[in-house]
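Listed next: structures, encoded as C-alpha cells.
Look for chain A in each of the two complexes below; its partner is chain B in the first and chain C in the second.
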Partner chain A sequence: MTRVDRLRTRLTTAGRRLRRIARIARWEFGQSTSSYNRRTLAVIAVLVVVVASVGTSAVALGVASPSPNTDIYRVGVADNSPYNAVIDDHASLTARPPDRTALATGEIDLLIGGVRQPAAGPGPRSPTLLVEPADGEKGDAALTAFRSAVQSYNDRAMALEPNRTAAYPVVVELQYIPQSTLGPAAPTNAGNLTGDDAAADNADDSDGTDTDANDTDTNGTTSDADGGTADGGGDNTTGTDRTEGDAPPVADGGGGSLLDRALFGGGTSGSPAEIQPPFPFGSLLLAFLFLVPMNFVIQSYGSSVLNERISRRGELLLVAPVERLDIVAGKTLPYAAIAVAVTAVIAAAVGGGLLSVAAVVPIALTFLAATFLGAMFARSFKELTFVTITITVFLTSYVFIPSIFTNVTPIALISPLTLVVMELQGEAVSLGSYLFSTGPFYTSTAVLFLLGTGVYREEDMFSQKPVPLKFLDALDARLSGVRSVGVLTALFLPFVFIAELLAIAVLFVLPIEVSIPLLLVVIAAVEEVAKSIHIFAGFESDRFDRSVPTALLLGAASGVGFFVAEKFTAVAQLVGLPDLQLGQAALQPAGIGIAPSTTLLLLAGPLVLHTVTAGVSALGARTRLRWYLVSLVAATAIHAAYNLGVVTLYG
Partner chain B sequence: MIEVSGLRKTYGDFAAVVGSEFEIDRGEIFGVVGPNGAGKTTTLKMLAGLIEPTSGTATVAGYDAGDPEMRHQLGFLPEESPLYEDMTARSYLRFFADLYDVPREVASERIESTLDRLDLEYRDRRLGDVSKGMKRKVAIARSLVNDPDVLIYDEPASGLDPLTTNSVLEFTEELREDDKTVIFSAHNLYHVESVCDRVVIMNEGRIIARGSVADIREQYGETTYHVYSDTALDATDPTADGRHRAVVETMAKVEAIQAAATDAGGSVTDIRTDEPSLESIFLELTGQQMPSPRTATDTEPTGEPTTEHEVEDAP
Partner chain C sequence: MADRDLRDRWHAVADRFSDPRLTIAGREIRVLGREKTIILAVVIQLFVAAFAGFLVVGLVSLYDPGSVDGYQIDAAVTGDATNEMLAAIDDRPAIDGTRYATTSDAYADFQDGTVNAVFQTTRVDDRIQVVMTAPDGSIETTLVVSEGQEALRALERNLRAERADSLSNPPLPLPPDTGGNPYYDFTYTILLPLLLFLPVFISGSITVDSLTAEREQGTLELLRVAPVTMIDIVDGKSAAMIAIAPIQAVAWMGLLSLNGVAVANIGWLVALVAAVTAIVVALSVAVSLLAPDRRSAQLLFSVGILLFFAGATLLPGGPANTAARLAIDSATLSTRLVVLIYGGVGVAAVGAVRRLATRIDPNRL
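Presenting the complex of A and B:
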C-alpha cells in the first residue's frame, strides 16, 4: 500500500468516525430532549430565563448587592461640580446639596468646596480641592472613600485615554529583588515604602497586573493606597490636611460600565476598602451565573449515561462497529455544546467576551468529564445524585474561593473566573495566566474522560460493584505494564495540582505558622496517593505479581513518572505563585521557583524522594488494603519531612 | 465461519468459561445450552467482542472477535434487549443502520423488508407503546440491519407468548436459508431441538457434550424398547389393557423376549421405541448424573482436571 493509499484510508476512516460521532450526538440530543415532556421543558425554560434575568439584572443594576457600603457616605457637592460624576460612580457615596450647616449637624459626612488656585511663590503649584469632612470617624472614613473614588475615577479615565503617553507620562521601571537579598532589615510595612521598596512590595503583593508586566509598567494602577510612588496620576492622598488636590476629573470620562461598577464597587485602585467587600460578591455572582446552568446540564448528561448502564441499552452500541471513544464523544457532544452556548450567552450578558467564554468552557468540560466518570461508577440514580452534588460543591469551591482574591494575589488566578473578572475590568490577561488557570481543567478533563472510557465496556458498565471498586477498575483498565504505571502517575498530575492549589487557596487565610506545616502534609499525602493508588488497583486485580521486587519496580516507575510530570507545575511561575510564602512551600520541594543553581542541586532530591516513597507505598499495596494505608501514612510522613526540610533550608 | 479455540474467561478466582472449543460452518444453526451460570452468555459475548477472553482465540467471519471490523459481519441479540422507547421502530432501525454505514436507500429497503418478514405492525409507533413481542421482533430486525453473515441470538424467544415464540423460531430457521450462521442460546431445549443443527451443552463453564441432537441422543440417551406380548413372561408386567409389557434397553433383549414369547406359545404384538428428549439428557448431564457415554475423551485443551466427561463430536 502506498503512502497516498494509507493517507486515503486514514481520511476515510476518520470521516466515518466523525459521521458516527455526529450521528450518535444527534441521537443523544433527541433522546435527552424527548425524555422531558413539553410541560417540563417549559418549566425548565422559564426557570432558566428567570435565573438568567435575575442574575444579570442583579449584576447590571447592583440591586442585589449585599455590600454594606452602598450609599453610606453623604457628600455635599454642588450640582455643577465635576465631582458629581465621581460620587455617582462610587457605590458608597451619595450626593447631597452642599450645606455647611448640614455638615455641622451630621446630615452630610463630607463637604466638597471650591477649588483653590495656586498662589504665587512656594507651595502647591496645582489647584487644590477644598474638602471638609464632618467631625468624627465617619467623616474621616468618608474622606478616605472619596479619595479612593477620585483615584479610581482618574485611573479609569486614564485607562480610556487613547494617547497612552499623555495618560501615563511617567514610566516606572520595576526591578524584582529576591527577598533573601533584602536582608533581615528589609521593611515589610508597605505604608512606609517609597521608590524601590515600593516596587519590591508590589512584587510581594503581586496584584496580578504587576507580576507579569515584566520590567515596564505604564499602568497607573500599580500605585495603591499604601503610598507607593508609582502613580502616574499625581496622587496627593498621603496628606493628612483636609484640603487636597487631585487631578480634576474628566467630565465625560465614563468611569467603566454599569456592570463594572456593580460588580467591582466602581474602583480599580486596589485599596483594601474597595477590594474586599465587593470582590467576593462579584465572584460569587459570576460563579452563580456560570455554574448554575452547568448543574442542569450535568444532571441530564449523568442521567443519560447511567440510563445506558442500568437498562443495559449501551450494550447495543458497544456491539456496533463504533469505537468506545466515539460513543462517549457522541454522547457528550450535545451537552458540551449546550454548556458552551449557555456560557457564551451568560458571558455576553455580563459584558464578557471571548476570553470569558474561553475561561469558563474548561470548567464546563471538567464538570462534564467528572460527571461522566461519576455516572460510570454510580450504581443507581441515588448514587449519581451524590456524585453530581460532590462534583458541584468541589468545583464551585475551587473556582470561587481563589477568585475572592482577584487583584490581591496570584492565588486568584487558580480560578478561571478570575480571568472573567479581569476581562470585565479591562485588564490584559497573559497567555501564561490563561494556561495556569485553565490548564488543570483541560488536562483533568482529558484524564477523567480517559479513565471513564476505560471502563466504558461490557464487563464494567453493567456490573454492580461499589464506587471505590469501580474506581480501582477504572485505574486498572489503563494499566498494562511497568511503563503504564509511570504514565498513569504522570496523568494524575493535574489532579494533584488542583488539590494543591485548592489547599493553597483554602489555607491562605490561616496564619503562616499554621498554614505552611499543614500545607506540607496535605501536599505529601495528595502526592503519595497519586503515586500509589493505581499500583494498589493493579495488585488488587492480580495484574501484577505480588512480589517485593515487582512492588519496588512499580514504585520506581511511579516515582519517575511523577518526577517528570511535576516539572510541568513550573507553569505556576508564570503567574508569580512562588512569590508567595504558601506558593514557595508548595512548589519549592519540587524545585520550582528557586534559583537555577539550587534547582540543579535539588534535582536528584525529588527523584529519590518520589521513588523511595512510592516504593514504600507499593510494598504495602501488594498485600491488602490495611497495609496499603499503613504504608501510605509512612510514605506521607517521609515526604512531609522532606518538604519541611527543603522549605526550612531554602524558604 | 466461527472458530473457537481454548476460549477461557476468568473473573478473579471464578472461571466463567473454561477452554471452549468448537467450529461452526456457514449456514449452520448452532445451539448453546446449559443451566444458569453455565457460561453460555459469556461465551456468546466473547464471540461478539463484548468481553475480552482471558485466554484462547475466537474467530468470527475471518476476523478476531475483538476486531471492530468483525462487527460489520455480526448481528447480536442479547438476552435483555431494551430499546430506546422514545423512538419508533423505523427511526430506531435507521439509527443503527447509520452506525453500520448502511447507505440510506439500502437501509430503507432492508428495514421494510425485514419488518415485513417479521410481520411487524406499528412501525411508526413509539417503541415504549408496543408489546413485548413486538419489541423483540424490532430487536431481531436490528440484528439484521447490517445484513451480517453471523448472528448471535441469546435467548431470542425468552418471555414471549407461544405464538410469537413460534414466529421467532420460524424466522430463525429461515435465516439458514439465507445462508446465515446463527448461534442460538436458549433455556427452552425444545426450541433448541427444533431449530438447531448442532448443539453444545455447557455446565460450570465447560462444554460437557456436543454434536447434533441425534448424536447426543445416541451418545447419552438410553433408548428404551417397550415390548408388548400377548403372553405373560418373566420379563413382562401386565398393563391396564390386558397386555404384557417388558421395557428393555437393547435389541438383544428384545429378541430374547420374542424368543421367550414364542416358546411360551404366544407372540410379541408390538414394539415401541422411546427416545430420550434433549431435555432429559440435559438434566441428567447437568444434574451430575452422568449416563455412561459410549465414547469419552477428555477434550480439555488446557489440561485442567474436570469432573465432567467430555466427548468428541460423534462420527
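Presenting the complex of A and C:
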C-alpha cells in the first residue's frame, strides 16, 4: 500500500465519519424543531407581540420606568426652584415638598436650601448650594446622586451656550505614564523621559525574560504642552518602538500595554466633563447580552441529552455502527451552530466585530460541554434544572465579574468577555491576551466532552447513581494504566488554572497581607485535588490494586503529569499577570516568572513537590474516603508550606 | 412502648387533619431535600452574593477615595495658571497640590512616585489648557483620574462663575461634595432584586419539571385509582413551590443585614416575593398543562418569564424597582399599592390555573 493509497483511505474514512456526524446532527435538529410545534411557536410570537405593544405604549405614554433605581432618593425642594428640572431629568431622584420635619423622620433624604456666594479667603471660588442630607449613608448617597445630577444638567446647559470660551474655559488632555515602581528612577531629565525610563525598567527586570515588554512602552512624552493632537490609533507599535522626546505630548493609544489601551477607552481630551475615569459600564451591559441566549441553548441541549437517557432511546444509537464520539459530536453540532449564529447576530447588533464572536464562542462551547456532562450525570429533569442553573450562575459570574475590572487590572483578562468589552470600546487586543483568556475555555471544553463521552455507554447512561459517583465513574472511564493517570492530571490543568484565577479575582480586593497566604492555601488545595481525585476514582472501582507501591507509582505519575502541564501556564506571562503581586504568589511556586539563571534546585523543586504530595494523597486514597480526605489535607499543608517558602524567598 | 404509643396518637391526629394537598406539598419538598442538588443551588447563590459583595467593596475602594482612609493624592502643578489650579485643588480634600517651578522637576518627582499626578497648565487665548498626567497601569489610576477630574471641574466652575455675565444661562450652583457612596444604590437596585427573584425563577422551573415529569412517566394515570384529584396535585405542588421562594428571600435579606446592608420593609418584601412567585408558579402550571411536551413547556416557561419581567419592568412599579424602593426605605403609598396589586394578580392567576386544572382530564395528558 503506497502512501497515497493510505492517505486516500484515511480521507475516505474521515469523509464517512463527517457524513455520519452530519446525519446525526440533521436528525437532532429535525427532532428538536419538530418538538417545538407550530402552536408553541405561535404562542411565543403572541406573547412577544403583547409584551412589545405594552412596552411601546408605556414608553409612548411616558409612564415607562425601565430603570430599577427610579425614585429611590427623595429630595425636598420648593416648587419654584430651578432644581426641579434637575430632579425631573434624573431617574433616581424624586421631588417632595421641602419640610424639615420630614427630613428628621426620614420621609425625605435631602433638603435643598439657599445659595452661598463665594467669600474672600479660603474656600470655593464659585457659588455653593446649601443642602442638608438626612443622617446616615442614604442621605450622603442621595447628596452624591443629586450633585452628579446637577453636574450633568449644567453640562447639558453649557452645550447650548453660544459663547464657547465662557462655557468651556478649561481644556484638558489626559495622559498616562508609568511610574517607576522600584524606588527613585535614574532619569530626571523630563525632556527625554520615556525612552530612558523604559530602558531603566527593563534593566530592573531582574529575571531577564522580558515579561512586560509592552508595559514599559509609552508613546509620547510630556515636556511640552503645545496642544496635543492625538494622532489616532492604528500604529501597533511594539515594545521595541519608542517615540523620541519630541513626540506629541499626549499618548495616542496606539502603543503601550493592554492596560494603556484599556485606559484610553475613556475620553482623554476635551472639557473636564469629557474625561472619563475608565469604567466601561455601557460596554459591560452589552457584553452581558451575549450570555443571555446561552441559557436557552443549554436548556434545550441538556433536555435532549437527558431525554435520550430517560427514554432509553440512546440505546438504539449505541448499537448503530457509529462511534460514540461521532454521536456526541452530531448531537452537539446543531446547538453549537445555533450558539455561534446567535452570537454573530448579537455582535452585529451591538457593534462588535469578529473578535467578539471569537471571544464568546469558547464561552458558548464551555456552556455546552458543562451541560453535556451535567446531563450525563443528572438523574431527573429536576436535577438537570439545578445543574443547568449552577452552570449558568457559575460561568456567568466567572466571565462577567472580572470584565468589570477591564480597565483596572490585567486580572480582568481571565474572562473572554473582557475582550468583548475592549473591542466595544475600540481597543486593540493582542494575540497573547486572546490565548490567555480563551485558552482555558477551549481546553476545558475538550476535557469535559472527553469525560462525558467516556460515560456515554450503556452501563452509565441507563443507571441511576448519585452525581458524585457518576463523576468518579467518568474519571475511571478515562483510566487504563499508570501513564493515563499522568495524562488525566495534565488534562485537569485548565480547571486548576480557572480555579486559581478565580481565587485571584475573588481575593483581589482583600488587603495583600491577608490575600496572599489565603491564596497560597487555596491554590495548594486545588492542585492537590486535581492530582489525586482520579487516583481515588481508580482505587474505588478496583482498577488498581490497593498496595503501597502502586499508590506511590500512581502518585509519581500524577505529579510528573502535573509538572509538565504546569509549564503551559507560562502563557500568563503574555499579559503581564506576574507583574501583579497576587499573580506572583500564584505563579511563582510553579517556577513561572523566575529567571532560568536561578538554581537548578528551584526548577527541580516543583517536580519533587508534586510527586511527593501526590504520593501522600494517593496513599490515603487507597482505602476510604475519610482517609483520602485526611491525606489530602496533609498534602495541601505540605504544598502550601512549600509555596509560602518560595514566595518569601523570591517574592 | 410509650414512644410508639405517642407516635400512633400523633398519626391519628395528623390523619384527622390531613389533606392530600399537604401530603403532596410535603413530599415535593422532601424530594428536593433528598436530591442534594438544591443545596448546591443555594451554595451557588451564596457564591454570587459573596462575589457581589466583594464587587461593591472593590468598586467603592477603587473609585471613591473617601472610603480609603487617609488616602491622599499628591499633585504637582506647573505652568502659568498654577494659581487658579491650586485654588481649585484646595476644594478637594483628597488632593494636595504643590507648586513646581519647572515642568521637568514635576515630572522627575512623578517618576519617583513622590507625586501621583501632574497638572501642567498653559493659558491659550482666554482658556486654560491643562495636561493631566496619571500613573499608568496602577490600581490607583482610576482614583487619580476621577479625583483629578473633580479638581478640573472645580477649576471650570470657578472660571464659569467669573464669566457668568457672558453666559445666557449660568450654571446652577453645585452642592458640596461630602463623599457619599455613589454605589450605595447598587446593592438595593441590582443585587437585592437579583437575590429575591432568582428563587422565584427556580421555583417556577421546578414546577414545570415536576409536573411534566409526572406526565411523561405516566404517573398521572395512577390518579384513576388514587383518592386525589388533579386539583389536589396542582395545589400541593404549587403550594410547596410558592412557599420555598419567600423562605429563601428571607434568608438573603438576613444575610444582607448581617453584612451591614439595612433592609427596610421586610414584611412587604416577603409579600412581594410571595405574590410574584404565585404569578410565576401559576404561569408554569398553565404551561405544563397546556404545552405538548416537556421541552416546549420549558421553552414557553423561559420565554414567558423573561417577557413577564421585561414587560413588568417597563411599567411603572416593576418588580425590581418596587423591591428596591421598599428595601431602601423610599416606598410610598403607591409602592405598597403595587405590592397589593401583585398579590391580587397572584391570587387571580392561581384561581385561573385551578379552574384550568379541573377542565383537564389527567388521562388525556
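Throughout what follows, the second predicted complex is superposed on the first by the 404 of 651 C-alpha atoms of A that agree within 3 Å, B and C clash if a C-alpha of one lies under 4 Å from a C-alpha of the other, contacts with A are read in each partner's own complex, and residues count from 1 in each chain.
What we mean here is this: a contact is a pair of C-beta atoms (placed from the backbone, for glycine too) under 8 Å apart; a residue touches a chain by one contact, two chains touch by 3 or more.
None of these values were measured; they are calculated from a predicted model.
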| item | value |
| --- | --- |
| Of chain C and chain B, partner touching more chain A residues | C |
| First (chain B), second (chain C), both or neither touched by A:V171 | second |
| Contacts of A:G439 with chain B and chain C, given as first, second, both or neither | neither |
| First (chain B), second (chain C), both or neither touched by A:V393 | second |
| First, second, both or neither for A:P362, with chain B first and chain C second | neither |
| Chain B versus chain C as contact partner of A:A320, first or second or both or neither | first |
| Chain A positions touched by chain B in one structure and by chain C in the second | 35 |
| Chain A residues touching chain B - in the complex, by the definition given at the top | 16, 19-20, 23-24, 27, 30-31, 34-35, 311-313, 315-323, 457-459, 542 |
| For the chain B and chain A complex, residues of the former touching the latter | 12, 45, 48-52, 68-69, 71-72, 74, 76, 78, 80-84, 86-87, 95-96, 98-101, 142 |
